[in-house]
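Below is the structure I would like to discuss, written out as structure tokens.
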Amino acid sequence: MQPLVSIADLRVAFNGVPVLRGVDIALQKGEALGLVGESGSGKSVTWLAALGLLPRQAKVAGSVLLDGRQILGAPAAELDQVRGGRIAMIFQDPASALNPVLTIRRQLSEALALHRDLSGETVKAEARRLLDLVGIPDAARRLSAYPHEFSGGQVQRIMIAMALAGNPDLLIADEPTTALDATIQAQILELLSSIRREMGMAMVLISHDLGVVAENCDRVAVMYAGRIVEQAPSHQLFADPVHPYAQGLIGALPPLDGPRRRLTAIPGTVPDPAHMPAGCAFAPRCALAEEPCGLAAPTLVPIANERSVACVRAEASRRALLRIAAE
Amino acid sequence: MGRYFAIRIGRAALTIVLVVTFAFVVLRLSGDPALMILGPEAPPEVLAAFRKAWGLDDPIWAQYFDYFGAIAKGELGRSMRDGRPAIELVLERIPATLALTLPAFFFKVALGIPAGIYAALHRGSGIDRAVMMTAVAGFTVPSFVLALVLVLVFAVQLGWLPSGGQDSWRHAILPIATLSLGGAAVLARFTRSAMLEVLGQPYIRTASAKGVPWRKVVTSHALPNAAIPTVTILGFMVGTLIAGAVVVESVFAWPGVGRLLVVAVANRDLAVVQCILLLVAITMVTSNLIVDFLYGFLDPRLRSKGAHA
Amino acid sequence: MNAPLVAVSAISRSYSMRSGMFGRAAAVHAVDGVSLTIPRGETLGLVGESGSGKSTTGRIVLGLEPPDHGEVRFDGKPMAAPGTATWRAQRARMQMIFQDPLGALDRRLPVGTQIREPLDIHGLGTPGEREERVRELLRDVELTPAHGARYPGALSGGQRQRIVLAQALATKPDFLVCDEPVSALDVSIQAQVVNLLCDLQAQLSLTLLFISHDLRVVRQISNVVAVMYLGRIVEIGLADDLFAQPEHPYTQALVSASPAPGRRSAGRIVLAGDPPNPAARPNGCAFHPRCPRAIARCAQEVPVLSAVGGNRQVACHLVTGAATRDAA
């Protein structure tokens, strides 16, 4: 089956400094993929680059196919049809993601006019329907309000309504709940998954929060220093992470119940993109690192059905695991 | 809403009172008008009579209250030099000043704002750098230097234009050019930075992400937001329509309000100076008021809060 | 049992806030009748969402803000009036660290100088001893003396938070208020700083008030945890079992909303309604409009915090004593 989106060897550099160093992602129709990683890992840049939303000084190379058509470097008019129409995006900070001087109606209608060929009264009716859909009470009246008149959670709902205006096949949610309180975060995540189910839409959920991603996605990709280091179905990734970085991330998360244990913190810090270590970028912080780790950057290799890992040591441990299973 | 207006109008009135008071104090402290106008050789009885006639003998606070009392009645005093009402002297000069400042204001806006927007949209390009270098030069060079350079080139060297006076429209070209260039430079820089600030905002990325073509992102998302800070500087420029040409009028011997002010200060012609200052304060304060109200119009966030700012 | 180092009794604090251009000034009860005790060497965790009053509570406990009502006692004595000599002596024994280390540091000074600053201000030791103390503090927070020569801009977020911590520890305080100290840090760095805080607390027998919205981090570091909602404590109990067996419907919703790897979202309690607005506090139990179990009484009567068995106290009409606990 042809993937909905397939990204191959996507690379991004800002002023000659590489921040994305070869990312491959294949996303099926209706699938929910989680992208986790710490700040600077390139999880947001991947999708901003794919949609041509990075500033001009960013150098982007590689390939991004949507239904088999190349969209990287596509003409502006074609990209404008893709953005919002096929692939919509919502962002972290809802308060500044909406234009402060335009009414909600104008911002919603703009998206409807661009992708749905609606006009006049039908636009208004559809805008109202979308606000109802995302749970904004009293939608008809609230359409003429400005963004600052809504709470953070409500603005994120409006962002979702706006993203849905073009009936997209894929929604990229970039840290959609990071700026929100816990109970509101739960509301927004619930809304996202129910809408996804109803509309059969694919979703990429970008988050630094492993828990958020695990609960809401079928498959998770862990990113570190501009590369994907491990990819797996979410329950498997959290039950038995293979890459030492993925293990480290899960170990660093304090448990909410059960006995308290000392956190297994990953030592050191994320490498500076301008001075990337040779070989595996995680090797300087990795307890398992050996000599070969510093020689060449490991590539993402399948280790099981739907699972792949970019780690020299993980392949060794996988072989050992298979040997035990065979005996 | 009434409260919002009342606070701002009250503050505006207070500003005017303070400006006038300041002018009154500084002028009375800086020299004896009688001596300045009649000259040091004037006989003492003449000086005394002059002082008595103009109330200069009274205690300073009495002069101050008389002055404000008169203003309240709409009397702005008479020129000590020729006895004509100060307001008349000032008003007859205003058309000449506006003949320079109004076209200059138009050119500032027509040049500065598009240049700033263009530079912001093509940040880092050759044109951006050229615009910015011109702009920096434009507002670091004092207007009298610029005026003299223009005179040297176009009047002295090339002989295309007159170097001073008010005899034909050709006489206005150099003063207007001097005023426009400096102001356009300020506006271009200001507009550029306001635009860059707005273009970096997340909502611009949101608009692009929903498929709005770039041209429309700029016109319907970026410009309305960048207009908010730009209005401030425009308001300031409106405020200088009356008195913003002091230097240029002096250099080009243009008989406007600015030149009248210079002469009146030199002569300690108190009533005229105070009258001009009052007028300047009123125009400045009024344009600030207009800016405040424009903010409310442009920025919905200020309509519902910020009342206690 | 030793006397608590910090004892807060029934403190309240309200602000007057105008809502909108034409709005009338309304009293916002940021903190409303909060009582807490923190035994020496222990950590009290304070959790809640924005507007819960947890940060205001922290500032009042530190004496940065006076309470309108109620009293804070430090080491058995009431907090002295701000500005007095006694107050200064008390304040030297308590320090605060915030979420944003870059905001707390001066970008134009090397961080070593900034760690020494409190020593210079209080005139502690000779210049030589102060230098030695700075080196010691840098070691305590697991940095090297070389880091002391750097400027805040040249350090990572985690390193900056360590510097802020070193600065706070310079005067050898007994009590530390930490307001969201690790919220801005990435998970792996967050774990480093949490571990460091736990180690330092044990080494220096520090008493901590740890304020955070993150239940996991709070549980990791605290002995006792208090949950706040709109200025009041709704539940308080031992960290080990509070989140494992939450009693108050709000705590239950918070725990349920905290995502857990390896769990799908099915069965999560999702609260309806907007985040609470301190300027429009509902009557009765402030949580009742969003509470899935609210009854008529909840809208009229304010529930008081009362013991329900074990070390737990809950402010809820529906949770009363052991009987309800078993039923829940």
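Just so it is clear, A, B and C label the chains in written order, and each chain counts residues from 1 on its own.
Just so we're on the same page, a contact is a pair of C-beta atoms (placed from the backbone, for glycine too) under 8 Å apart; a residue touches a chain by one contact, two chains touch by 3 or more.
Because the structure is predicted, anything quoted here is derived from the model rather than measured.
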Greatest separation from subunit A - chain, by CA centre: B
Comparison of A-B and A-C by number of C-beta pairs in contact, larger one: A-C
Rounded Å distance between subunit A and subunit B, as computed from the means of their C-alpha atoms: 53
Centroid distance [mean C-alpha coordinates] between subunit C and subunit A, Å: 32
In subunit B, residues with contacts to at least two other chains: 304
For subunit A, residues contacting two or more additional chains: none
Of subunit C, residues touching subunit A in the complex: 49-50, 156, 158-159, 186-192, 194-195, 198, 213, 215-217, 219-220, 239-240, 243-244, 253-265, 268-272, 274-275, 290
List of subunit B residues in touch with subunit A within their complex: 124, 201-203, 205-214, 220-221, 224-225, 228, 298-301, 304
Residue numbers on subunit A that touch subunit B, as the complex places them: 48, 51, 53, 57, 76-77, 80-85, 88-89, 91, 93, 96-102, 110-111, 114-115, 146, 148-149, 159, 162-163, 165-166
Sites on subunit A touched by subunit C in the complex: 38-39, 151-154, 181-187, 189-190, 193, 208-212, 214-216, 235, 238-239, 248-258, 260, 262-267, 269-270
